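Structures incoming, each one as structure tokens.
You will see two complexes here that share chain A, one where it goes with chain B and one where it goes with chain C.
Let's look at the complex of A and B:
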């Protein structure tokens, strides 16, 4: 396959829906996404944008019922994982794609020692003896900055930042090709967050693991990521390399997002705010999902949903207005 | 927005202490805190989890009883207030809580929630006047009248926090403690609430104590900023002074740890602190920051540094501020 070489992950037109009492929640709605080998991408959006659902879809961990992947393809290493058997999925999950969850307090098993939890992962995916697994577990602890002697301790004996290091050790134990980190530092204090981000940066260089960093914090993305994808109402609205996106955000939503953050280098009395709220996922608007809040929107925006188009090399935006503007410039 | 030269003090704490008894000994949540808040100013209180900032906020308006010291409102010490004094005092000082999901009674409608303080304090003789005031408060905080009969679970986080603000304003207080009022909200909603708080202050000349762990929020909203570490205020200065000329090694580390959503600025060297915040139970003598301080010296353990004025309106609690400045000089 030709796509094998270029992309580690390619998602095409993914749709994930949940049946709930209040209606059909369209959590992910026609998502297209690619990730190169070794690339670190930040997936940024507000609560309910569909970031975590996308991650769970890649991990094949969408609870069904109520959730269901209704259409789309997820190519991992050139093969569509949606068509694989449960057995094959288990082999990918943990071994090739690993995930770090937001809350280190709840993602560790309280009644197992931390070295046992790391060794569990290694035993599951590699042909090793118990002793070898434990040795490797201790080596992983060392790697994430925890003294190996603390291996026989239980999660409650560690602080929040140290627990998150243990979670990272578990995720990287089998040297996965893709690491999905869902808000890995959101539950941590800022000085501890700085420690964990520093560790993640070192490990990224050490293992060259492709990473999807899910966060609502554009500051954290700036620390770690090569590229950024902005998600809103189940779609990606803008994607570019980090330098381009931070320097020249194009989509009105991305611009609004940047303006909402208090700037540490400027003094303003009031912040610029976007009117309104993200749409109800049980009743997404027709056309562009951002149109109801967009100051530039016209009838065309409410009629059709814009596709992602490349406005400059590597910079993709899903907005009719930006496309119009660029079209005009292109035609003189 | 420059602060006037002569200011009237709204609140002043003197040697304020709050200890909680735990099986392992007294937990020093607030320990000998001396701060003042001028009339009409916003004092930002920052620190990491467990530093005692929320406890301080509560002791200042006597939602928690102080272990020692005094809290002066004008010439009255509220620590000594009896039940009747306290009832009158409640009209002068109010609080907005962090989590609009758990701080509102789920069985009361919006109008009932806002009416609660008015009824408890018997502000209006009849229902008609109460309901006029409720309507007025809903307008003030930007809640549409049609939501009057809605229940909290039907509303998003931003609207719920508006109810919390309306409840705090109902009795026309002079002083409001805001405990992480925007931390549970997405950035766009956060910006809307920050603007609301700023507008209300412009309109009614409130005095705010704004507690947060978010440094960019505190810089945006505060006139002066107090930094807390393990029960102590370790630095207090004008909001720009704290960011441009931090003197305490902890403040310096804290500020350098903020992830900034920009790629084009040259950031100062990041100071990564070792270890975690130590336990506030039975804290050791001497400087509380000693264990993690990059510029500690032997005599830092001998006595606890007091908060002293080192420059105009710049207060610092550090034994060796000179040592830090001397260290920094060659690099600049």
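Let's look at the complex of A and C:
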């Protein structure tokens, strides 16, 4: 137990598969991931890279059937949550790990008042009377910038940005150690996005909550996160602290991502894109999952899957070519 | 409600006036003299034209709260209704309670265990329940439970044991429809994001289903229950005939046979009014279940 206590969350070789009509979808395929207490990490990747599936796996909310965690371990606070009973998992969900979902328009129950939906969380995990729970719920509303008098209103009486504030209030109501935010701003328009991000930054400082921010917006990550993990086809390809990764992206995929960000100072007619498409998750390539699209790839890349190696302190990359290059530098 | 009552009685008047058969002859018998027949027609206004009779009916009903007297028993229709309508209401309420409680329970279980053996078997039985006519089902039940097994009596409506078979028979089609509706409505809701939010809070699965999912799934279910309740009042005509229950339905059937127009009118009017009240109740229930409707009417 003490062995893992450095990390709040440690995921080892996680595999999640979905049985569908078109075949076995390998949504997460051998994912390794660590998160320190109070750290904010951005999980970046294209649609279908397995970001949400990873989050749901941590929450133990993979719908089964069709989904299944086929192997791996998820250590939270040093204990493997996959081996816990449903009862124990319920005490982790909400109290220790909370989640903000992508679409605030549909994440709130339309027939319950917002204060009731916040109070429900508090009643579940704290020894309080109903009155105390409602009082705390209204205090949470105030904290996320909604007048407490609006507590007895229903979700349809709030705008999208306000609903997302309510969702954040629910998630933070029991002061969780880990907050997973799954594209919290994707469904909102840009001005509201900025407000919600600002709110999340404030609350993160206020509560010192470790955060996993799932997004495909590298700009949002730069705003909020200490470190970044680049995810592709169910694996993490590169992980480093934000400054290092933005200054010195190593993996060809990460480089491609940064290359496709349009430069506002240049007059361009076509946006830069990466050639090819992400692999079909029902038929992942045998070796490195990025090899079919990679301009540096050779036979070795298509034969074996590279492990993460540390190319500089705190900067991990899963790429044979980078390893070779660094190896040459080390020897030469 | 008044336009509904007017419309229903007018259509009924029209239908009855074109039905062949002489009420006077049927009420007084084959041997009655021409004189007494004419006397009877004059007394009940049957010598007048259709529109005049309808006018008198509406006038008497509205001003004197009198909806006529039976041609056969010569007793006021209102009194006959007071004797029989509670029986029919009891039958219909029993059946709808049965259908709602069991239908929703089965529907919820089917939704949670979608494609399980329980789900498949229930759906097949529900399909049978929808497609089997009530009178046939009633006769089958009498054959099995009354004649062969001798568990329950086959007629009457006084004791609980007499009521069970009619309740089950009448509830079968509604129960099937409510089961299917609950299942599909729950399946839709269970997949929604706010159910995932509730689970993410660490809420118990039973609470997630019964508190978060069911209340949202309830709106289409309540609509169906309301419609089914109305149909049950009509369906009670068959059930009452099969099980010899002294309700409005059987009274109406006898009224039709003997061309006892006031009785038929009274029966249909009572059922129509009950239907209107049920619909009103269902609408109020919507607002109670769904806050979105409540706030819409507030403005």
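Following the convention adopted for this analysis, the second predicted complex is superposed on the first by the 324 of 332 C-alpha atoms of A that agree within 3 Å, B and C clash if a C-alpha of one lies under 4 Å from a C-alpha of the other, contacts with A are read in each partner's own complex, and residues count from 1 in each chain.
Please note the rule applied: a residue touches a chain if its C-beta (ideal position, glycine included) is under 8 Å from a C-beta of that chain, and two chains touch if they have at least 3 such contacts.
Since we're looking at a predicted model, the values are computed, not measured.
When the shared chain is aligned, chain C comes close enough to touch A:90, but chain B does not.
When both complexes are overlaid on chain A, the residue A:229 reaches neither chain B nor chain C. By the touch criterion defined above, A:212 reaches neither chain B nor chain C.
In the superposed model, A:134 makes contact with neither chain B nor chain C. By the touch criterion defined above, A:61 reaches chain C but does not reach chain B. With both structures placed on the common chain, the touch criterion links A:242 to chain B but leaves chain C unconnected.
Partner chain A is touched in their complex by these residues of chain C: 192-194, 196-204, 212, 215-216, 289-292, 295.
Those residues of chain A lying in contact with chain B across their complex are 46-47, 159, 161-162, 189-195, 197-198, 216-223, 242-243, 246-247, 256-265, 267-274, 277. In the complex of the two chains, the chain B residues touching chain A come out as 1, 48-49, 156, 158, 186-192, 194-195, 198-199, 213, 215-217, 219-221, 240, 243, 253-254, 256-265, 270, 272-273, 276-277. On chain A, the positions that touch chain C within their shared complex are 59, 61, 89-95, 98-99, 101, 103, 106-113, 117, 120-121, 124-125, 154, 156-157, 167, 170.
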